[in-house]
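Read the structure below first, then the notes.
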Amino acid sequence: MQLGMIGLGRMGANIVRRIVKDGHTAVGYSRHEDQIKEFTDELGDSFQGATDYPAFVALLEKPRVVWVMIPAGATGAVIDQVADLLEPGDIIIDGGNSRYHEDIKRAAALAPKGIHYLDIGTSGGVWGLDRGYCLMIGGEAEQVAHLEPLFQSIAPGVDAAERTPGRTGEPSPAEQGYLHCGPAGAGHFVKMVHNGIEYGAMAAYAEGLNILHKANIGKELDDAHSAEVSPLENPEYYQFDINVPEVTEVWRRGSVVASWLLDLTAAALHADPDLTSFGGRVSDSGEGRWTIHAAIDEGVPAPVLSTALYERFSSRGEALYADKVLSAMRKAFGGHNELPGK
Amino acid sequence: MQLGMIGLGRMGANIVRRIVKDGHTAVGYSRHEDQIKEFTDELGDSFQGATDYPAFVALLEKPRVVWVMIPAGATGAVIDQVADLLEPGDIIIDGGNSRYHEDIKRAAALAPKGIHYLDIGTSGGVWGLDRGYCLMIGGEAEQVAHLEPLFQSIAPGVDAAERTPGRTGEPSPAEQGYLHCGPAGAGHFVKMVHNGIEYGAMAAYAEGLNILHKANIGKELDDAHSAEVSPLENPEYYQFDINVPEVTEVWRRGSVVASWLLDLTAAALHADPDLTSFGGRVSDSGEGRWTIHAAIDEGVPAPVLSTALYERFSSRGEALYADKVLSAMRKAFGGHNELPGK
Amino acid sequence: MQLGMIGLGRMGANIVRRIVKDGHTAVGYSRHEDQIKEFTDELGDSFQGATDYPAFVALLEKPRVVWVMIPAGATGAVIDQVADLLEPGDIIIDGGNSRYHEDIKRAAALAPKGIHYLDIGTSGGVWGLDRGYCLMIGGEAEQVAHLEPLFQSIAPGVDAAERTPGRTGEPSPAEQGYLHCGPAGAGHFVKMVHNGIEYGAMAAYAEGLNILHKANIGKELDDAHSAEVSPLENPEYYQFDINVPEVTEVWRRGSVVASWLLDLTAAALHADPDLTSFGGRVSDSGEGRWTIHAAIDEGVPAPVLSTALYERFSSRGEALYADKVLSAMRKAFGGHNELPGK
Amino acid sequence: MQLGMIGLGRMGANIVRRIVKDGHTAVGYSRHEDQIKEFTDELGDSFQGATDYPAFVALLEKPRVVWVMIPAGATGAVIDQVADLLEPGDIIIDGGNSRYHEDIKRAAALAPKGIHYLDIGTSGGVWGLDRGYCLMIGGEAEQVAHLEPLFQSIAPGVDAAERTPGRTGEPSPAEQGYLHCGPAGAGHFVKMVHNGIEYGAMAAYAEGLNILHKANIGKELDDAHSAEVSPLENPEYYQFDINVPEVTEVWRRGSVVASWLLDLTAAALHADPDLTSFGGRVSDSGEGRWTIHAAIDEGVPAPVLSTALYERFSSRGEALYADKVLSAMRKAFGGHNELPGK
């Protein structure tokens, strides 16, 4: 099967590599002739490239399949341009991180032209080339079915994990690593929630490891602090020098919190045990925020996911004004002065 | 009535002043002869002072009433020393910020000697001299009743607020600003929860004012940030330059969030509209922490009070290690680099 | 000065009463002739009524001032109808609880017609008639200035609270209880955050009172629970039967947490000490949700305000599915069975 | 090597089975002669049993190794009884879920007798027999080293997970699934935090799945609710009928949130797609609570872990009083009536 890919960055490129390795062919679009050449050199006859949209579209077999894999901010404009060159029956896929609201609007806008639209939430990050990508797909069932050969090449496949007890026979698509989640928007909706969960789970580890990291606080008490900050009542219970990197390693086997995130954390802490290469300013992308917007719209309590997002905001100094207000209040009612900074 | 006061710091001194103004007398203990002299000069015949415990106790009429108003860390030792000089029927009061666990232990230890023990949570801060102190009292009913004349002088009195609809006749003690909350420990327990609520309410204002403070973020977007941090979808909705000090002032009258904390906040923001005198390192004292310990022991959900406490921890940099873990994870699965600091 | 009011429900009616009491006049619109008659009987010559928009508009002096005080869902359509009957220079006020996004859109839509638009967040609830309404105003400065005589009658006035230390001379609008917060939308934006804070402060009290309420849990332990739920380590610390209504009363005077919300809570608990008239299903309105949407858009941490909102969702059973997932997980990894319901 | 096991419940029994399978021998204590017989039948010469402590101790080779694997509440008394029968150089292990405070006290109490004490946090639940147990060990280094042959049999071994990149050569103990975390108490401390993280991660999944579960709320709006609860502004965005069991399956391969907890969740949802066998009352055990106590003592922000714990409290109805307070407040300031229950 043939796939057209707009955007040959890390993820787009690796998706192309995975399908070509499985015997499919790819047509790539890039503004940079060099980039096209690199891919042609690497992938040979299985790859054709173009540096303008008309040429790109001309290389595609009908019904054309155009996967757009570029930053969310640019996706809408590119889809508009490409759609003008497509015909009824063609399929546009947004594999990036668009908000699912956009998918619903785009699918509705393309439908009168007979162009089909799929939104595919794609998880796997820098590991996807080897590990495969988890695909969460929104759109019409017929097109999803048509593209299954590609999805099977991009997704990890059933062997990537032990089968769930009770699941037998032919592995379902979900077991192979791709799922038709519903109509337009459903793919990015599920991916959005996936990322919301990711934030929450990451925060759970991070908070817990911080508690381990500070388990020797009973040794460190100084009198300067005890004036304004509550002294520790039982310093004898906080005398542990825990080796946090080793703890993350031991939890990888047999414990309840074993996970891929833990695997990565153990690797990061093995490589940099004191995390000296990080400053602690944690970015967030749209999905974490959109998840909370959705929770609130639905009236679903999501305090853990929200708090995880807010911790990232705070890590970037965004609580500063609120903290100054608190200090001002304390000064006002109790005459308390702020402690000097560390 | 006569009150013995150990600890002539701001709160102890002002309690003495309030009772003397109402016609009671006081005996004060201080290690510093100068301090005793100052009070004698100020209060005349209504005040006697001593610089050692035996002399202090000798000046007290039986049954002696000894109010200890010193930092929580030193209270236990002082009570032990004074108790050795007292007789059955005498009363020791801890008016400071002891954990209520200590009260339960101390009352039990003093009971065999016939010495009564009251724990009095005292709220009012630097404003208590004029405004009166809210007294939350734990101990035996008989001693609480005996000391009511003093409590009436220390507490604000019924006129400090409009009477609650439905409350008529002779104002109850609670309406006058003091309350017998239960046996030993109950006073500090109620004061502890009071402070826990205080943390939560303070955080509610601080978070809300921060949202007002950032209401112009749609004007400030720079491209550097939008690479790693989600860009604002609707900058047109965040174009407001809100005058936060004026907002806190307008809310003082007629709004649902009018409160004494808001009064103080409005005053602080009037005096220092940009809060330039604060760095945003917010201290916490024992009560906020103990409130959460109690909530957890009781199995009572207290996420707002807990979060308020944690925000203070974070304001002092205590989330740093956790934040580094998060950045390390993001780097590991997505290849994301941290943004440079501001 | 004359005010036209569409919507003679509780709040609209009381605003009319406040301005008439101060010597202004009012024109009211209601579909119900009876309602018009009631007001004419009550307010005499100061009030005129109409049951259709053309008649209503015909009664207004130019520049006409039309205050719309109806449920947010209906406001937009009414404004559209009335605007068609108005002329350049006239003023429309939305005093309800519209989302501020709507204000920005409406002001922009009305501007070409020369019609001015103000959004006024109005706080005061059922107490506004006596206590006055706190007014948070968005729109053009000229129109705000023009309407100050009305705002002064509607707002509580400076005497409603002690003046903030440092504020002297002629009381500012904020001190009188109304504030021009910024251009269109700013009024409802500030009112939105006000309600967000309200949720957080309410939750702080509610959680704290729950901790007091359960302070006797050490007496109640039963063996049935201790099998699956962690037993209390120190039951001796949880033997208090706290009189929660009396505690809320005592905190009203001299304590740090004194507030109008506490006044109302004390009154509610005095009238119904066991809260038997409530089931614990807590509603939320738009403002609390929109506050969180704004916090997330701005990147401002608001965990306390968010958590307060989520507690309301949970009170209505919206966590049920999540809780079942947790029980299913516990069963899966540990073989734990759920405890039977109470 | 020989291991004495007190407590032949699920976990104790399976630990015995794992070591015997690896060529070690075991001595078991049980009050029930039947239970001893069953094990003797199953394990043959590798197992000896006793129904009283003296006989049990007599069967042990010196230095004796006594692993106590019983409910935390009973552990202290059993250790006291057994310790009286042991000699200097013998080793007692608490493999249960004691609070680490107890370990510190017990180790100190046993030290003068020359008896060594290890606390071993043991994770693995009902899956440990096959999967192996993750062992987090506190105590003296010499005894930990002495017992490594047993730990190697009980733990999962290095093959249970891919090796962390950068780790080469002889697998470290952590890589084999057991870790000496520090002196007495360190094992249970690390296990405690492990469970705290477990709570947080579980909550992240549960909240996220709830958002998926309610993704069709735009279809379900009824007018009755919209009176008191904010209506959904964009119902068109909430029209998805997400198949939650399939989503959990697809995330198992290639996604960032793949984990053992997710594996179990997918299995549970495959077996019972609507979770009809669960009522949503979620228990908690000591570790989750103790983790928060530790975070607060250390001054480490742990809002995600705390919130996860509180959600369990709420699932059991423990927020009810707080919710009634909120409803009472809303009634008081706004005249709002509660919505009827579902």
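Letters are used for the chains, namely A, B, C and D, taken in the order the chains are written, and counting of residues starts over at 1 for each.
Everything that follows uses one rule, which is that contacts are C-beta pairs under 8 Å (C-beta built on N, C-alpha and C of every residue); 3 or more make two chains touch, one makes a residue touch a chain.
These are the chains along with the protein names UniProt gives them: A, B, C, D = 6-phosphogluconate dehydrogenase, NAD(+)-dependent, decarboxylating.
All values reported here derive from a predicted model rather than from experimental measurement.
Novice: Which chain is most remote from chain A in terms of Cα centres?
Specialist: Most distant chain from chain A: B.
Novice: Which is it for copies chain C and chain D: same residues on both faces, with over half shared, or different residues?
Specialist: Interface between chain C and chain D is built from largely the same residues.
Novice: Just how far, in Å, is the C-alpha centre of chain D from the one of chain B?
Specialist: Chain B and chain D have C-alpha centres separated by 38 Å.
Novice: Centre to centre, by mean C-alpha position, how many angstrom separate chain C and chain D?
Specialist: Spacing between the chain centres: roughly 44 Å.
Novice: Round to the nearest whole Å and give the separation of the Cα centres of chain B and chain C.
Specialist: Result: the chain centres lie 29 Å from each other.
Novice: Two or more other chains in contact with one residue: find those residues in chain A.
Specialist: Touching at least two other chains: 125, 203, 205, 207, 209-210, 214, 229, 233, 256, 260-261, 267, 289, 297, 299-303, 307, 310-311, 314, 316, 318-319, 322, 333.
Novice: Indicate which of the five shapes (line, ring, star, complete, other) describes how the chains touch one another.
Specialist: Drawn as a graph, the chains make a fully connected set, so complete.
Novice: Which bits of chain C are touching chain B when the two form their complex?
Specialist: By the definition above, chain C touches chain B via 100-101, 104, 123-125, 128, 131-136, 155-158, 160-162, 164-167, 172-179, 181-183, 185-186, 189-190, 193-201, 203-205, 207-208, 210-212, 214-215, 217, 229, 232-234, 236-243, 246-247, 249-263, 266-267, 270-271, 291, 294-295, 297-305, 307-308, 310-311.
Novice: Within the complex, which stretch of chain B touches chain A?
Specialist: 10, 73, 99, 125-127, 202-203, 205-207, 209-210, 213-214, 226, 228-231, 233, 260-261, 264-265, 267-269, 272, 275, 278-286, 289, 303, 307, 311-312, 314-336, 338-342
Novice: Give the list of chain A residues in touch with chain C in this complex.
Specialist: Touch list, chain A to chain C: 256, 289, 292-293, 296-297, 299-303, 306-307, 309-311, 313-314, 316, 318-319, 322, 333.
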